[in-house]
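Mind looking over this structure? Questions follow.
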Amino acid sequence: MPRLDETAAGVYIIAVTPFTDTGAVDLASTETMVEFYLARGATGLTVLGMMGEAPKLSGAEAIAFTRQIVRRVAGRVPVVVGASSPGFAAMGELSRAAMDAGAAGVMVAPPGTLRTDDSIAYFRNVADTLGDIPFVLQDFPQASGVQIAPAVIRRIVDALPSCVMLKHEDWPGLNKITWLRDAEGMRRISILTGNGGIFLPEELRRGADGAMTGFAFPEMMQGVVDAHFAGDPQRASDIFDAYLPLARYEQQPGPGLAVRKYILARRGAIASDAQRTPRSALNQAEIAEVEFLLARQSDRLAAIGAAPRD
Amino acid sequence: MPRLDETAAGVYIIAVTPFTDTGAVDLASTETMVEFYLARGATGLTVLGMMGEAPKLSGAEAIAFTRQIVRRVAGRVPVVVGASSPGFAAMGELSRAAMDAGAAGVMVAPPGTLRTDDSIAYFRNVADTLGDIPFVLQDFPQASGVQIAPAVIRRIVDALPSCVMLKHEDWPGLNKITWLRDAEGMRRISILTGNGGIFLPEELRRGADGAMTGFAFPEMMQGVVDAHFAGDPQRASDIFDAYLPLARYEQQPGPGLAVRKYILARRGAIASDAQRTPRSALNQAEIAEVEFLLARQSDRLAAIGAAPRD
Amino acid sequence: MPRLDETAAGVYIIAVTPFTDTGAVDLASTETMVEFYLARGATGLTVLGMMGEAPKLSGAEAIAFTRQIVRRVAGRVPVVVGASSPGFAAMGELSRAAMDAGAAGVMVAPPGTLRTDDSIAYFRNVADTLGDIPFVLQDFPQASGVQIAPAVIRRIVDALPSCVMLKHEDWPGLNKITWLRDAEGMRRISILTGNGGIFLPEELRRGADGAMTGFAFPEMMQGVVDAHFAGDPQRASDIFDAYLPLARYEQQPGPGLAVRKYILARRGAIASDAQRTPRSALNQAEIAEVEFLLARQSDRLAAIGAAPRD
Amino acid sequence: MPRLDETAAGVYIIAVTPFTDTGAVDLASTETMVEFYLARGATGLTVLGMMGEAPKLSGAEAIAFTRQIVRRVAGRVPVVVGASSPGFAAMGELSRAAMDAGAAGVMVAPPGTLRTDDSIAYFRNVADTLGDIPFVLQDFPQASGVQIAPAVIRRIVDALPSCVMLKHEDWPGLNKITWLRDAEGMRRISILTGNGGIFLPEELRRGADGAMTGFAFPEMMQGVVDAHFAGDPQRASDIFDAYLPLARYEQQPGPGLAVRKYILARRGAIASDAQRTPRSALNQAEIAEVEFLLARQSDRLAAIGAAPRD
């Protein structure tokens, strides 16, 4: 199996975890979802992330879900597994099981209780726990409450060879990307960006290698990334702008996952938009808002000749 | 002088505070800025808000600035003055001085140390301090760290007749607007929305009366509000979508004010984009990003027949 | 097996989890530790709490440790198992396994991401997950970041019959106890208090039923509780004051657990003060401070005729 | 007038601000309070700190209060003035007025919105604002939410010669003192400790120069500091332990100031325990608790031959 390394680029989709209306992991939807993502430009998949409802799965379910994903992907793209955990024992267990199942690497966010200056010690413990498993440092202050300065990220990267990627979702964070890319003598890592993709054009121009996020239209990230690397920033922004009203709406912290699953179900990627408890379903006003945005988005995409694959 | 009441609607612009390059309040720019805002659809002005660098002014400067604004506005629109303060003595002093100068009301955000359940007691103290001065409750959890549940807002409104408006910038907060508008028997208040306007079309459809925010193109808020109340949601969204890429960029917490002042200076509203310490000026990469977005925005506005007044 | 109910009182010790110097759960020390706690007045044991390094155990280890504890206790006192978890699936799994193993109930703290007003919904989900398993609501704002107002606790208790106890460690929280004990018509629950016991005399006088905390001298809690219920507040305070300098030192957030394990090892309750990563061992200055306090404590206890069982 | 420098030591009392029952600054009590503090061992006074209700005073009141304090002190000890402010303009105004009035220096805590890594830039701005006014860096993460690592404090001290003292109230923070005292080549600063004095013996042994806190029995801090510097740690702890039950009670975040003012009024230092809004008065249960602790404290002090001057 290929292992994640610093050359990772493109669009790593943060996959949802499909559930049936009775709350079981939806095995059939897991299969269709993988095909949906791969057909729309995913160059990698990330499962059991924050938007993958990871904490709602039991340990056994998490492993089984990872196995099914890896089996279906069948080596077409690398699979990254979220392994953040309040303790290193559980982190190590899940990570080893994920790698045994064929994952390419794992992703770890620091716990919210971390004092800033302990970040280096924390990730040293992560690296010790993971051994030679390559890992992604998830830097998401809005969710974790932990601020990691660019110079601290650099020290982590310099000290820990198994840290091969930064999932960048500090906000605002454009200058952080620039700082890392300009840092003289710093070992290269892959930088993929999150935040629902709503700063993707600027992030790419600052030096990001692509996106790792789960917006329900992977075509947006694929289109923006492709146009960017083809040297056509206007085209990248044409595509981005067409999707932005919906991407903005989906990125709302509370109902965001409900929006995402609603659209994925509507597009046939998964059978149901069900979430496990604690859940948030769309109310009528929200559904109307999403439908309004979807209709306008279709028109706009048609106008620029970039209709999604549906 | 007119006093702020629950009928307030339209576009209340959160004014910046113009400084000269040597750090003095820029009196000439204060005059041109007022005309700039009024010519682009402002139905009210709010000064000394968070984005108005209020804490960087001495007490005497804050009063003098308020006086100049009110004098220039000359009754054309109401002026609201930010009066948030760690203590009630200073809040009362500034508020009375502002009303003496001709302001229509004041705006108060809770201190970050407030426990949620103390919100009602806090605003009761605010109302006691202000006497009969009408005030705006600023609900901005991302900045203040204080969560105020809809039911608590209702209790504040029911208990305190001088609370006439909610500046709504909870995020996500669409359902909060709906809750307040559907609350049976609740006294009507004006609801204007903040957050740089990036949810304005949805907020209006949920029952907001307009916007209170400072995006450097007031034409966006004016156009969206006008089209909404004219019953044309598609037109409202056409205008909104054309400005959204830049509005999104300007709303970044850190460099946001620098972006706003850069554009206002570029448009001639103020002479300089200078901030007082602590300041954040745009670097070259950021300027290039803003210029790229401005050029695309002009094209898009031309395409929909909605060029800004420049 | 007896089930936890609202009559629980006395001293529930928050047990540490003993590790060997190589990081394995120390099975022999688990046995001696149980006897140590029971011989010094424990009327209940709580395992896998925050100070029990619960997140550092794998799921299988947590279950095995619970089983061993329950087996050794052999019905002499009830055993409560910490079941806080970022997800309900894991919470349910661990809770059912704990009850199958013979636990009397479980303890749940809310996740730090909870907005205050969602507390009721959260614990409703907890109760749904747990079915008829009795649970302790852990109210520890300093650790969880979640403020739960007394009126909200009351609503939780009124709505959820399986909530039988409050572990009170809001700080300052004396008036919260009074509020709950004075709340007319509220169903009775047990209230045991935490925070290392450093407000225990006052908490008992306000209406608490005892302590649930892990100070390395259970004799302190036993002595204070016994003297209080015997109607001798001066004796309760004599005992409390003798232990207070050390209890204060042990309650420091960072090194606190290291202090506790150091003393427990020194007293023979466990073989080693080892912690699993992330760990904090005492440095030489800290050891000197603890030894200085221990020596003075012995003298003071001798002076009041209350030497600990060592 | 003497200026604060790195030799400052002993007991700097954080003074309360006395109010009359109608809410005016109590001029007569200001005079008696100064004499009360000086007669009980104060080697310095700090006014307008967090526990001095500083934000509740208008700017003019703050200056007038400072002037009165300095006049009454009449050069017997240095006076430090709290100058923390959300903006540098107000900080500069108050600081210059305080120095004009005869203060020895000012104290500044960082604003809660500060990201850790911006601490150095922030205090550089402070130093620029203050010019040659000596200042105290207040490091109080529990109140400010800002963590400042020891290495960052060192960099601030090394960069800013006008930073002459650390008010240390990180908690737990003993190792921070040791780190700073062991830092090779670091310029010496005075370190005085806060937190109500409840770690004072240990802090002194780690290298602190004394206390800067406002416990209502300055005799405690004086006694502990004197015994420590006389080389008698047992005597220092005898005194400390006698006061600890009450010091612990007074240090509760919410009612703490009400406890302190209640005792100061009871001891005749001030005429009334009134606070300005938002205020918290002691209820009957709290008064009973304080009286219980005071009676026991008197007995204990008599037993060790260390009765307070009353």
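Order as written gives the chain letters A, B, C and D; numbering starts at 1 within each chain.
Assume contacts are C-beta pairs under 8 Å (C-beta built on N, C-alpha and C of every residue); 3 or more make two chains touch, one makes a residue touch a chain.
What you are looking at is a predicted structure, and each value in this text was computed from that prediction instead of being measured.
With rounding to the nearest 5, the Cα superposition of chain A on chain D corresponds to a rotation angle of 180 degrees.
For the pair chain C and chain D, the fraction of shared interface numbers is greater than half, so the two copies use mostly the same residues to meet. For the pair chain A and chain D, the distance between C-alpha centroids works out to 48 Å. In terms of their C-alpha centroids, the spacing between chain A and chain B amounts to 34 Å.
Spacing of chain B relative to chain D, judged by their CA centroids, is 38 angstrom. Contact with two or more other chains is made by no residue of chain D. Chain D contributes residues 171-172, 174-175, 178, 198-199, 202, 205-206, 233-234, 237, 240-241, 244-245, 248-249, 252-256, 283, 285-286, 289, 292, 296, 300 to its touches with chain C in the complex. For chain A in complex with chain C, the touching residues are 53-59, 61, 85-90, 93, 112, 121-122, 125, 128-129, 276-278.
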